[in-house]
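Below are two complexes that have chain A in common, paired first with chain B and then with chain C.
So, the complex of A and B:
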């Protein structure tokens, strides 16, 4: 029973990782930039989620507004930080991204205060029994639900719409895409909007699970999401999904059975090393 | 370009002259390293608020024999690599008479060594690592060591609450491990059976797997070390999963934020700490009122600790003056004072001897539960 329970807990955590890491992998696939500041958008989403819910009483509204606003901020980061550096080696953008992330933590602290903020009346806390003996709160179920819905929509968009085809074309060969009349700037804007909005959704849900938003809450996702996209085979959406879920489950079991030897992050990186030793190209990437 | 350079030189000149301008009465400078940015900024702000309140009170009452106190405050980000150079700066460049740490254990240990090397008295306000006072005879601590508080936790659970089947959840930093060490050292003496142990890191906020496993352990009580930002989510997740065992924490939980995060699930959580909010002692009530007025939020353990450390230093300065550091050190060692965190006196190692306060969350606030006065159990090490 504990094994089943741990698996479920791991999948919930994996769904959160997936929402965060997906934006990162999209950016990497498109621009070859390791977008560390992505985790800052996760935190911003969490802050907006709590503040708007507390002000309006509507969690749904907060989730939507947080995703849209953070999506726009993501576009801003591309337009004003990365775009001017595209002609430089990717390392330049990486360093800018790290700087942006560190600055964001202190900006949040100045704007929202050093203390964490919480929902005054956290919604979706009721427990439901999903399997005999295993119950989850609606909040946890919603994490999985949101990940499933958004990722399926994304999959459908990229496979079956003109925009999606333009997107994939740009990822594969930007120059060829441009010469076929695709506005690759628009593709990039859309890419940042979607990736950032997903990070915001993850932030809002994590805020709800922990009932706590703090300036430094992006610290762990900032590097763990990097590990996930490496594990997934840089730029691969399906690989990222698989790596996220696998990592969630591995961490859940690791915390209980080897937690006294390795902490959660150490387990994650030990797993990363193991994966890279066996499959250097990533979990699902083709050799 | 040359105009810009000129302007900068001019501005620098002004700034320099402002710095070197003569002041009428030289204040007594006390160094204060505290995390004002980074993950520990919230505690740092409270500590600084409490310390400044104490300085205001001392100065408002005429200072130290007529001289005003002044804190020289530096942000150490709770990081040893920040704290060490700051301690050098405080002791050599700023020439402070004494220092106080409003910071965590790592940074306080790093700074303590440097204060000791410079023969400058230094007080750790709430950092709990045992090695801090072992830096030497110039280093003191006005809060409990982790081990001492851990032992108090064992007595509280095993004897006072009468709960025997206990799960121990340990934060895997110096704070959590020293608490767990003290707890485990005395657990058997109070008839406690430790049915399971878990560890987590300070970055964890998601305890789903541990909670699942504790459900299977079915303990009477959970002894969980942590800070409000880890304990808040932990308690919420435990209760959400239907775990009803009594949760016993420590001073890291202390503060309104814990209750805000855990919400109604905070009710009934018990902690060992050093501030009794329901005390009618005027020393405590005046601190509580002064802190709330200055900070705009209710007093917490960290704020009370910052306040206590400054008052203890001020008391020693009243006795020995503020010019001779060796005399000040001797006066500190002999100081006894009733402060917001209890009756303070030091043992030979510079460790505080005082009672442990036990507080419980009731009706959305921390309240008096009991006091543990057991000088033998709570005796800090002498070396």
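So, the complex of A and C:
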């Protein structure tokens, strides 16, 4: 049953990656910026989730508040950091974003302390047997559930609402969208809000799974999410989902079978480099 | 005197390391977020050799050659992907290197390599060696600047497709940029290993790659003097002001961000603009 067990573990991990990477893909699709600081929002979400749950006792409330607050912070990052750089070459925004991310890790260390914090009474820890011989905690099931719900809602939004149509139009051709009367600034704000809120949700869920939040927790997911959106073919939502799940499963198997040669992160990036050498345009991108 | 020598050696190594990245990112326009991996390759190669009894001055050659050889392979990858894709691929190289070293008992694994022997003539000897390497590399960089290769690098950095149409052998020059840059980093790494005399996988991670990129960016992409100045200043700042050491990353992050936000061409660009204003 090891194979099945690893696959399930990998898919849960993949769902987390998907939540983080989706926000990055949305930003890249719209602005062609590799938004490294996205992971800072993931960490912020995790901190808010733990602190609010410990204060109020309600995990649901914490999840909602974390998503809204982080969503607003995301809008702030766009407004004050990226917007003035849009006319510069993309490298400028990338490096500024790395700077922002590194500085934010230090700010968290100063504000929340260098040591990790955790839930005083972690919710959703009961184990359930989903397949014969394989049990998962409710928290893990919820990760997959949240990913499914949010991604379906997002898919529906972009396919069948006016806002979604405006969003897709802006991605395809910002100038044309503007001349059709779409307020592309509003689209960008909304985009950053949704992407950042998803990162916060991922942060809260990871905090719950590990029952531990620390200033540097965003680092590895951040780099992996970048790897994922590159593998998915930058800006492609479906490609990102496929790459997230694939990476989750490959890491789960890789740590067991080639763990003596490379560590988990190295396996992820070895896979990335392999994919890029075979398909430089990403897994699902056309052309 | 010992303190000043340590300070100067730190500076010299940082300058060499930053200038080597400047060849790839500054001259040739290829963003590398994985330069610390080559610094690490050089450090490990040199450390293993000197522990086996080879003098450092000789061990630096294979250190540079090893880094350059692997840089050649990564350069081949750069031919396949561009811009953002390249940035992420090179970032992956750092993780791959660190993840690989961690698991190799022959390379000390998690613990790293300690007890790296002292160089002949001790600390002053190392400083002299480092200064020689820096001067040589600056000469190489200046020569590239003035040669046909410098022109080709410039055109690739500017617009790769146009360069290709003009008949510039883009593939060859990109590979040259990677080989020269990574070999320089390898030599810098070899010096570093004998400066600190202890190396471990954590000394060559992504943060170090970003730190050296910060030196190049803050100095002004492509400017030899700007980059050398930024590297010298940024590398010893944490040593001068102990309290900065605790907030080193905060400072680097903030500097990177503000440089990009307000002066994307770095110190060199800023100096140029100020000079132009006075000249008027």
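The working rule: the second predicted complex is superposed on the first by the 287 of 287 C-alpha atoms of A that agree within 3 Å, B and C clash if a C-alpha of one lies under 4 Å from a C-alpha of the other, contacts with A are read in each partner's own complex, and residues count from 1 in each chain.
Definition applied: a residue touches a chain if its C-beta (ideal position, glycine included) is under 8 Å from a C-beta of that chain, and two chains touch if they have at least 3 such contacts.
In this text, all values refer to a predicted model and were calculated from it rather than measured experimentally.
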Which of chain B and chain C A:216 touches, first, second, both or neither: first
Partner chain(s) touched by A:106 [first = chain B, second = chain C, both, neither]: both
Contacts of A:225 with chain B and chain C, given as first, second, both or neither: neither
Touched partner set for A:46, first chain B, second chain C, both or neither: neither
Partner chain in contact with A:260 - chain B first, chain C second, else both or neither: both
Touched partner set for A:125, first chain B, second chain C, both or neither: first
Partner chain(s) touched by A:24 [first = chain B, second = chain C, both, neither]: neither
Intersection of the chain A residues that touch chain B with those that touch chain C: 105-106, 219, 259-260, 263-265
Interfacial residue positions of chain C with respect to chain A in the complex: 31, 77, 80-81, 83-85, 87-89, 91-93, 95-96, 98-100, 102-103, 206-207, 210, 213-214, 217, 247, 249-250, 252-261, 264
Chain A-touching residues of chain B, taken from the complex the two chains share: 36-39, 41-42, 44-45, 172, 197-201, 203-206, 208-213, 215-216, 229, 232-233, 236-237, 240-242, 257, 260-263
Contact footprint of chain C on chain A as seen in their complex: 28, 32, 34, 81, 84-85, 88, 90-96, 98-107, 110, 219, 223, 226-227, 230, 234, 259-270, 272-273, 276-277, 280
Chain B-facing residues of chain A, complex: 1-2, 5-6, 9-10, 12-13, 105-106, 109, 114-116, 118, 122, 125, 127, 135, 137, 140, 206, 209-212, 214-217, 219-220, 251-253, 255-256, 259-260, 263-265
